[in-house]
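A, B, C, D, E and F label the chains in the order they appear, each numbered from 1.
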Amino acid sequence: MSTRAAAEERTAVLIEALPYIQRFRGAVVVVKLGGNAMVDPALSATFAEDIVLMRSVGLRPVVVHGGGPQISELMERLGMVPEFRDGHRVTDAETVDIARMVLVGKVNREIVGALNLHGPLAVGVSGEDAGLITATARNPALGFVGDVETVNPALLLRLLAEDLIPVVSTIGADESGQTYNINADAVASSLAVALDAEKVIYLTDVEGLLADVDDPDSLISSIGAAALQSMVDAGVLTGGMIPKIAACLRAVQRGVGSAHLLDGRLPHVVLLELFSDSGIGTMITASGGRS
Amino acid sequence: MSTRAAAEERTAVLIEALPYIQRFRGAVVVVKLGGNAMVDPALSATFAEDIVLMRSVGLRPVVVHGGGPQISELMERLGMVPEFRDGHRVTDAETVDIARMVLVGKVNREIVGALNLHGPLAVGVSGEDAGLITATARNPALGFVGDVETVNPALLLRLLAEDLIPVVSTIGADESGQTYNINADAVASSLAVALDAEKVIYLTDVEGLLADVDDPDSLISSIGAAALQSMVDAGVLTGGMIPKIAACLRAVQRGVGSAHLLDGRLPHVVLLELFSDSGIGTMITASGGRS
Amino acid sequence: MSTRAAAEERTAVLIEALPYIQRFRGAVVVVKLGGNAMVDPALSATFAEDIVLMRSVGLRPVVVHGGGPQISELMERLGMVPEFRDGHRVTDAETVDIARMVLVGKVNREIVGALNLHGPLAVGVSGEDAGLITATARNPALGFVGDVETVNPALLLRLLAEDLIPVVSTIGADESGQTYNINADAVASSLAVALDAEKVIYLTDVEGLLADVDDPDSLISSIGAAALQSMVDAGVLTGGMIPKIAACLRAVQRGVGSAHLLDGRLPHVVLLELFSDSGIGTMITASGGRS
Amino acid sequence: MSTRAAAEERTAVLIEALPYIQRFRGAVVVVKLGGNAMVDPALSATFAEDIVLMRSVGLRPVVVHGGGPQISELMERLGMVPEFRDGHRVTDAETVDIARMVLVGKVNREIVGALNLHGPLAVGVSGEDAGLITATARNPALGFVGDVETVNPALLLRLLAEDLIPVVSTIGADESGQTYNINADAVASSLAVALDAEKVIYLTDVEGLLADVDDPDSLISSIGAAALQSMVDAGVLTGGMIPKIAACLRAVQRGVGSAHLLDGRLPHVVLLELFSDSGIGTMITASGGRS
Amino acid sequence: MSTRAAAEERTAVLIEALPYIQRFRGAVVVVKLGGNAMVDPALSATFAEDIVLMRSVGLRPVVVHGGGPQISELMERLGMVPEFRDGHRVTDAETVDIARMVLVGKVNREIVGALNLHGPLAVGVSGEDAGLITATARNPALGFVGDVETVNPALLLRLLAEDLIPVVSTIGADESGQTYNINADAVASSLAVALDAEKVIYLTDVEGLLADVDDPDSLISSIGAAALQSMVDAGVLTGGMIPKIAACLRAVQRGVGSAHLLDGRLPHVVLLELFSDSGIGTMITASGGRS
Amino acid sequence: MSTRAAAEERTAVLIEALPYIQRFRGAVVVVKLGGNAMVDPALSATFAEDIVLMRSVGLRPVVVHGGGPQISELMERLGMVPEFRDGHRVTDAETVDIARMVLVGKVNREIVGALNLHGPLAVGVSGEDAGLITATARNPALGFVGDVETVNPALLLRLLAEDLIPVVSTIGADESGQTYNINADAVASSLAVALDAEKVIYLTDVEGLLADVDDPDSLISSIGAAALQSMVDAGVLTGGMIPKIAACLRAVQRGVGSAHLLDGRLPHVVLLELFSDSGIGTMITASGGRS
């Protein structure tokens, strides 16, 4: 294709994107990235491009990340045996220190680094900074696994006002200073509510929510909170999807415009969601229906 | 093409545009539009899209327009005979009133209207507003044809700070309140200097500057101020191109990053210039060479 | 009179004006000027002086203008025949273009020009700018005659905050970009409400409201909204006064301090109203009585 | 005179005053009032009106006052004998306490009270407040008679920014906290320089500066700094005029636009000066000549 | 004690003070000082140190003072005989002038001077300044003895925002400009309410509130508003304590955190109250009990 | 000691501290903490108290930390063998990842946690965040050991303006995104210069600088830059002290008021330095001499 033709095509696409850009101008979008997502360098690069482009066209992205696999890997290198109960990592004092070290000092840094290849844009933040997240123990039997107690979004709002991109590690502390590892899905939802976000996006390693878990063609494109709650109540959903769905429901019920389950293995999936009206992953809204 | 494939292509293009978007973030770009440019409704619509998209991705566009054909048309309908001397319209008191009425009340309004189809974004401004442009007579024999004497950009800066798009009619007044019709090419250049613009773009009805006016393949893609001045001094340039070239030279010599001559008949030509590294029209810089 | 004596008298008068100046400090006053008002150059000059002086002593004037005679005049020069139905100009597509051209490009400019003889103070604004006024069709049979649907005063407030004087042409657009010519009396009233104005002043070519239209001595100096509504209901009022009265009633019923009908043929009539407690024209308030 | 006629005359005067109002908009004017000036209640009221009107039309007045007669009067009531040397009051510890009490607690308060009859506009300030004026001893033989060492205008600028009228008593302190009574003429000049004032006005009990002290018709209307310095050097001036003239010269030599000697016994003399081009008192400028 | 040991002890004390400092950060504290308090220079110096230290560690102190003894003293030196009725000074026109002169020109100045030995921190203010306090007559038989009618705290808030320490004399004016001498206990309470203060502190010449006025060991350390009101109703309290108690009650009932009666004869008693949990004077709160 | 006596002593100490507090109000103080300093929990707690108290009395502390021992410890647990050359750790890709993880995810977090026991005050920052520190390789043979190339203090200034305490890990990145471990002494010095700091304080495990390294009584209390440079040139200094001294010299030569070497093993040594005039550690200034 000639240079001129390529430029014309590029221009046409930009113009098609214009209504989407205008619709979301100034909106906060919280994007939750699983620990797996940073493992593939190519995906990590396209993710960073998406986030930087979102900011360039006037959205205000906030990244929240987990890091389970990386925590387990370091524990294993140190000769420790990760133990899980009901899907939660049993977390003693040494484990929470390792989790914090890996999340704040490794996974967060890799995301910040990928973003900052595009300029001095990103700032790593832990839930412990400036009282962002206070935590309580979920269950004594699990040790230092925490739930979000309160969110003080002042620090994030300040960074967003400076046009910076916060990247949040999901460590919280209680009043005594004890730290907890908190489920990143729940943190993303809580931050989206506190920041009055337009969207909260979960990048997963499945295509979205399936009506029939055994039928890959049964992807639900769009669902309302009530219908989704019915599915939960009917016991249709299983495994790791349950807490993610709970987080989505909580977000849209407290004012977030929509929650999205997207397939993080797909390059540029965040942009695909933002710039097409239909068909990427599953969208959850308070009342159902793609707008 | 499937919906998914289309969305992927769209995304790829957006990502390619990212470095251009980042490079010009926050930059002021003055775009001068000839009177012919608003005659074709399709072109007028693509022009508006380009300007709105520029704003959406963080640039700060300012539109300057002329309107010679529209002025002549109304004069003729009123039974007046336009008279030109050395390319300037001889402008008596009635003519300057008609010119003002057409520029401010018709051409400006049509541009504002086309832009505001995308939202309440544009504001029409005349050089007489809040002391924006003071004028002096160019030549008594021409009547109320003016030159720019001073520019006070405070009003434009205020509108830009509110994320609005100023559309400027090129009427100026002197201290006694006498109004003048000023050449729009010169006004665009003066505003670009006063606004510390990154670019000033002239939309014309030719492809750009030709090294040999008779050879359409001799388009000059890029030229420095010194080389261009040599062409002027050698008498190679003719007709309406001369004042435009003088305006370009003045802009780049006073700190504007680059001046561009683009073919306004080409849809989305402004975006094409911004989002490709080579090949659209003629770029004039202080030192020459496409960056 | 000696210089000293003249200066002393001048000083005495200024001191008498002090309480009036203090009472209105910071208040927004919307002044509506009929199309006739700009025809007499001497009156136009005294009007500009009044507006500039208002601003100098701390009021914040906003000028709204009509221009019916000027529109008719241009139409006639172009060989068109103005047609009226129930006092409204039947307005086809060409007529609304001419109306806009005359209002924005001629009448507005003349007012801006008269004000700016005193400094770079005034800025012309059309209702189409930055979403100031959205319009709807009043009656399909009248074509593009509009009613005010919404007012977004952000642009005017920004200009007032910069100590500038907005001069507003009463063209509005609907969502499709179609423009309408709107009655200037209604626009003045709507702007006064949206700007939380202290006063809205209508300059007319009669002395004020007469209790008996045939008795020039029956001028009503002051009247409350309820009494005035009774007069309207009783069918006492006729002709062009009816929409003006409706606009006054709407303004004072929605929080504007007072509405005034003044004789625009009287030099400096706006200042006379501001700087005397009694006797100029007709004052309409929510509850009646001159304060 | 009929009401209408009075209003018309009032309006005419306001319009005549408009150019003066526009010329001085935003300018700081320091007005120094002698102790005598507050003795006549009628004069005190007209003075207050002048100051309030200045503020109402956009100037920013600062009042500086003395109070010699009032200090002497209280000393006498307390059985003390005022002693003067070279025109300066010999000021022991008890005397400086009495001077401060009278200036800050009586004269200043009376001025503030007269101004605040027009609204909550004035704030009394002593040179000791917030480091406004630091002082040094002029001459050990005189005791606590001070000279201005430094001026920190931050407090006054803050009050002016709030549209308040500072009324300044001329007490200063040195680093040890010792207070001094400072000549009010000198303080007015120092404040005018520190505030970048347009004018400093001295209200006295003579008509102005006389070329021949014995000839009341020899009033000098306007004089430049060089010519005035020559008069000083020639020994033509005498008595209390000398420090006043020195203060005027210092002010205009350090950037104040003009210094004025006016006859404070004349009602509204400050307004007379501001609103007439010629003939009131003596104006001193750096280069001479009434503008 | 060695230098090192002294520094270590100093450090230990600072660290102990840290929780108190953090608790009151940013809080407004109104401190009322009786006329007696400024008589002893040593006490006056320690008082100034306390106020300056409060400001240095982040509190925002406001000082309110009386001056009865100083007023009486000057009256006597002038041969006047102070007369009291029900604890109030009968105040004719001359007396209110003297009161104002002494309060604003002497007592206020001495406090400002003592504070400003530590830097340019304090600003003297009278209730007449910028409409801070408007007053009404308490009782015609008492003459110009006033009650607080309204408080406009704008001037004080502005000074506090500049990190300055206001020192307030309790003179107020009514709309006619008539000045009144107002009880300083009542002013302190009214200002504390208007400034949303954390504490109002009264420095007196007794240890605090005694349950049994004849038993110095019956000091009440802490009492709630209801219990204190009961004591008032039971007639247990007498003399000068009654208006002070009424002022305390009014403050805590309108939102001030606590009111304190402290023994102003004790060096650094204000700091002692702020930096110890128990035992200095009497603390009054809405609900009782030391927090 | 009785409660009252204790409170009085506390008060006396606070008052003694007042001049120190006033001297440093608003000043930025950079405190560098070695990796050893966080090992002793008691010392870590007293350090946190000192930093929080500094902030409470109006200073603006910034903490910079190293973590060599903690990096070595994790490397050893992972079976790696730390290797040093000329005092620098040879740092391959895996090592720099471990260093970053330990510094940002462990040491930084422990400091933030200790500070935040006092409230939501501290925010962890890495040199990679928002372009704070760009780095270049020091020496290819050392791998990813970096030098500070540029400092962009915008993020730190924003956090300080919000009254937050930044805690900085000394990781920097180059333009390609490659991260480097940078010597913390050098970073502290560079930040102090970029922040226009009053002081930079190095906490070490020696008493200060000894004139004779073998004589513990030869502590140098205060030294100027020139004399210290002479000692360096004479080869008197050895080992780890050399880069620290170079950092101190660079800081004071570029405008930092003073650099301090303090014994971090001493509880509250930072406060001891701030609140005593003599005798703690070694103070380095541009010109020598304790002020």
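Note that a contact is a pair of C-beta atoms (placed from the backbone, for glycine too) under 8 Å apart; a residue touches a chain by one contact, two chains touch by 3 or more.
This is a predicted model, so every value here is computed, not measured.
Participant: Can you list every chain in contact with both chain B and chain D?
Facilitator: The shared contacts of chain B and chain D, listed by label, come to C.
Participant: Give the chains in contact with both chain B and chain F, ordered by label.
Facilitator: Per touch definition, common to chain B and chain F: A.
Participant: Validating interface symmetry: for the copies chain C and chain D, is the fraction of residue numbers used by both over half? Same or different.
Facilitator: same
Participant: Quick one: point me to the chain whose Cα centre is farthest from that of chain D.
Facilitator: Using the mean of the C-alpha atoms as each chain's centre, the farthest one from chain D is A.
Participant: If you average the CA atoms of chain A and of chain B, how many Å lie between those two points?
Facilitator: Chain centroid spacing, chain A to chain B, equals 44 Å.
Participant: Can you give the whole-Å distance between the Cα centres of chain A and chain D?
Facilitator: 68
Participant: For chain C and chain E, let me know how many angstrom lie between their CA-based centres, rounded off.
Facilitator: Distance between chain centres, rounded to whole Å: 55 Å.
Participant: Give me the residue numbers in chain A that touch at least two other chains, ranges are fine.
Facilitator: 119
Participant: Graph of touching chains, which shape: line, ring, star, complete, other?
Facilitator: It is a ring, because the chains touch in a row that closes back on itself.
Participant: From chain A, heading first to chain F, what order do the chains fall in as you go round?
Facilitator: A, F, E, D, C, B
Participant: Touching chain E in the complex: which residues of chain F?
Facilitator: 3-4, 6-18, 21-22, 25, 46, 49-50, 52-53, 56-58, 118-119, 268, 271-272, 275-276, 278-280
Participant: Sort out for me which residues of chain B touch chain C in the complex.
Facilitator: Its residues touching chain C are 77-78, 97, 100-106, 108-109, 112-114, 116-117, 119-126, 128-132, 152, 154-155, 158, 162, 164, 171, 173, 176-177, 179.
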